[in-house]
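Should a chain be cited, it is by its letter among A, B and C, assigned in written order, with residues numbered from 1 in that chain.
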Amino acid sequence: MQNNPKKHFSPLGTGLVLVAGFFGLLAFINFGASSYIQRIMIGLCISIILVVSLNLSSGFTGVFSLGHIGFMAIGAYTAAILTLPLSLKLAYLPDLPGWLENTQLAFLPATLIGGLLAMLVAFLFGVSVMRLTGPYVGVATLGFLVIVNVILVNWDSMTRGARTFSGVPPFTDIWWVGGWTAVTIYVIWRLARSSYGRQMMAIRDNQIAAQSLGISVLRMRLLAFCVSAFFTAVAGSLWAHFIQSFSPKAFLFVETFAIITMLIAGGMGSISGSVIGAVGITILAEILRNAERGVNLGFVHIPPVYGASQIIMAVIFIVLIIFRPEGIMGKRELNFSQLFSFTFRRKKRKEVTSQ
Amino acid sequence: MTSLTPFEFIIQQAINAISIGSIYALMAIGLTMVFGILRLINFAHGDLIMVGSYATLFLTLAGVPFWIAVGGGIAISCLTGLLMERVAYRPIRGAQDVSMLLTSFAVTIFLENIAILMFSPSSRPFPAPGLLNSAMNFGALRVNSVDIIAIVVAGILLILLTFFITRTDMGTSMRAVSQDLLASRLMGINTNRVFVTAFGIGSILAGIVGILWSARVGKIDPLMGFYPVLKAFVACVIGGLGSLPGAVMGGYILGFLEILLQGILPASLTPFRDAFVFSILIVLLLFRPNGLLGSTEMEKF
Amino acid sequence: MLKVENIEVYYGHIHALKGVSLDVREGELVSLLGANGAGKSTMLMTISGIIRPRIGTVTYQDIDLTKKIPEEIVLQGIVQCPEGRRIFGSLTVIENLRMGAVRRKDRAELKKDLEWVFSLFPVLEARISQSGATLSGGEQQMLAIGRSLMAKPRLLMLDEPSLGLAPLVVQEIFKVIQQLHQQGVTILLVEQNARQAMAIADRCYLLETGHVVLSGTAADLKSNIAVEQFYLGGTAK
């Protein structure tokens, strides 16, 4: 039989393989790996959601949202307040308004409400601010973060103010996280491939040209911003129910830095790049964190240097920006169907030649 | 102690406002100068405050007389700023705005963590001498000497800077470069030297602000630069990024706004003061998207 | 004096100049003609050092300029008056002129040169303290040329000085350019306005999409039918 004409994996086939592979990996980790690895995986998935969302908002539209972690805070606090068991509510949040006092929701609805609330806030905020250019948008989003932070710290009755909010039920497990990660990637990937996504990229590449084609910059930026806010908030809820206690301090700009590094490393504008970046940096961070406790190489003993990992990350970031600002993937995506058909064809060829 | 008449109260608050406004203005000048010339928002500017303050602290602890230590601290601020420019920003000149902004955050993280490593995250008292930290009484009026000094120092520096920017060749070159980099290069203007000068001046100003701020607050810690640089950024934006008079104006407006809100807001809302400041800023940007002294052209969406 | 040899210049993937050579001798007024996008401005930017050619060299009096930075090239005496004037709008006329001279060490000569510029463009002296943005288009062009002259150029490169100006103003400007030529200034003039340029030039080069398609004395080009048709608005259609 002659060579098969180029047989690409169908998009559906590719998707199914990826999803199956992903959940297979999750199953393996859940049943086969140590709890340490499980925790890392959960953290990694949450990071992936955050990076991909930030990519949508910043990488695809070219407008950098410095205050994005504010949405994570909204998601975390909203969901946590809603899922907190009634008994704890009485103890921890005695001044809650009546209707909340008696509400206790399950994980999914609470998370969804958190996401929708964030989306609403994003809409209101974005409608006013997305018209601004360059650094001015950055200030505005930073202002948003400050406002969120101030509200969190001072609205004692709802958030316990600056004190730690604890007792959050540990709902997050690898399946929830995996599920949401898959959903996030799918939705954002579909969005990127849709006409909306193309419009966004057109805006990013040449705003004036895009406008002359009738593309509404405001609407596209707003769309990206709101969808991104939703998933960022979801990640917040997942994180809150993983770590179980937190305070407003966890949602300051500095915490975003790791996510930004992942974004840059993977390439702003590439979803697969974001995933790669998240994986790479997470592994690197873990290695560094372990090294912080001191490394004993037998004859060489490097003493513990706490905080060194942050410094090294900052240096890596600077080096990346100088030498490869477009990251690993740039604006391209990993084309899985091509990848699969390549391996598939290879196998076929081997079979043919071995005859 | 007699209570203040309304007139005295206003004077007291005005002095407060002008003093804090002066500090914001000096910070904002350094930030806007660098932005106008390099299109870079240097968030690490805040850490220059921290570096200068710690340097002064350690010099004093080593036995150096305070005012000489101040000179040393400012010099080290300046050096750090120049180093920053050479190592982190020069290699990426001409890159996208976003890359430069993010790099400045990386530099911030780097400096802050090194400081935490070297000095521990807890705050230390700042050894301000009597001159910088005595309460002065004018009848019922109580004024801290550091406020007066801040106002005077700012006034002198602003006059010097204005002279420098308008009368000297280097100052005029800086204005030219911030207006049109390509044309400047074609005139043979030594753009490298202009960039370095901008950083140098900004860093020196940051060092001075560091002393004033530390004397006012009384203590220093590795993360002390965050709020000042944020306020400075807001001040620049109010006046229009890249505009020196705008930065000065923005600084004083911000100072007045803060003191005003502090006075006007009911007690239950005063903790939310910063949120109000930012909300007002966002509203301002809606009407003047490029700051007060910037153009009124908005993107036509 | 100035020799450009076989340069290949790229903007990313776009091949802007393809094997272009030209030379300018001392005291000459050489004109570089061609339509929009032919590569004329690119040529000047390459000589000024803003763009580097991938292959080829730019030499001036046997000094290789190809690797030098723009600031050094200006120090050699090669000064460009860029397209669109690009004066410093927020600076005054006198400050603009001073910026042109900012690299010079001979402060005594400055005053003389300033008077020289004012003699060529009296309107600049009249508006000496006005900010550049308040000048008319023609005045801005004069300021741009004056600014370049303050750099004491041994080779003055003018990029489309007639762009966007009214015909009467263009005439004035070209008169001054001719004056400069007569005073001995070596000039490389880039122009779309072929008629005016050829009227005052010694030699011309015609550039079309990155190639030199024609070169010679102004008289040669004028008598060339193709030039007449395409660039002088000849009779044919």
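Worth pointing out:
In the analysis below, contacts are C-beta pairs under 8 Å (C-beta built on N, C-alpha and C of every residue); 3 or more make two chains touch, one makes a residue touch a chain.
Note that this is a predicted model, so its numbers are computed, not measured.
More C-beta pairs touch across one of A-B and B-C than the other; that pair is A-B.
With every chain reduced to the mean of its CA atoms, the largest distance from chain B is reached by C. If each chain is reduced to the average of its C-alpha atoms, the one that sits nearest the average of all protein C-alpha atoms is B.
A separation of 53 Å divides the Cα centre of chain A from that of chain C. Centres computed as Cα averages put chain A at a distance of 34 Å from chain B.
Measuring from the averaged C-alpha position of chain B to that of chain C gives a distance of 43 Å. Along chain A, no residue makes contact with two or more other chains.
Contact residues on chain B toward chain A in their complex (touch as defined above): 35, 41, 88, 91-92, 95-99, 101-103, 105-107, 109-110, 113-114, 116-117, 230, 233-234, 237, 241, 271-272, 274-275, 278-279, 281-282, 285-286, 289-291, 298-301. Across the interface of their complex, chain B is touched by residues 58, 62, 64, 128-129, 131-136, 138-140, 142-144, 146-147, 150-151, 153-154, 211, 216-218, 253-254, 257, 260, 264, 268, 305-308, 310-311, 313-315, 317-318, 321-322, 325 of chain A. If you check the complex, the residues on chain B that touch chain C are 169, 172-173, 175-176, 179-180, 182-191.
Residues 48, 50, 70-71, 74-75, 79-80, 82, 86-91, 95, 98-100, 102-103, 147-148, 151 of chain C are the ones touching chain B in the complex.
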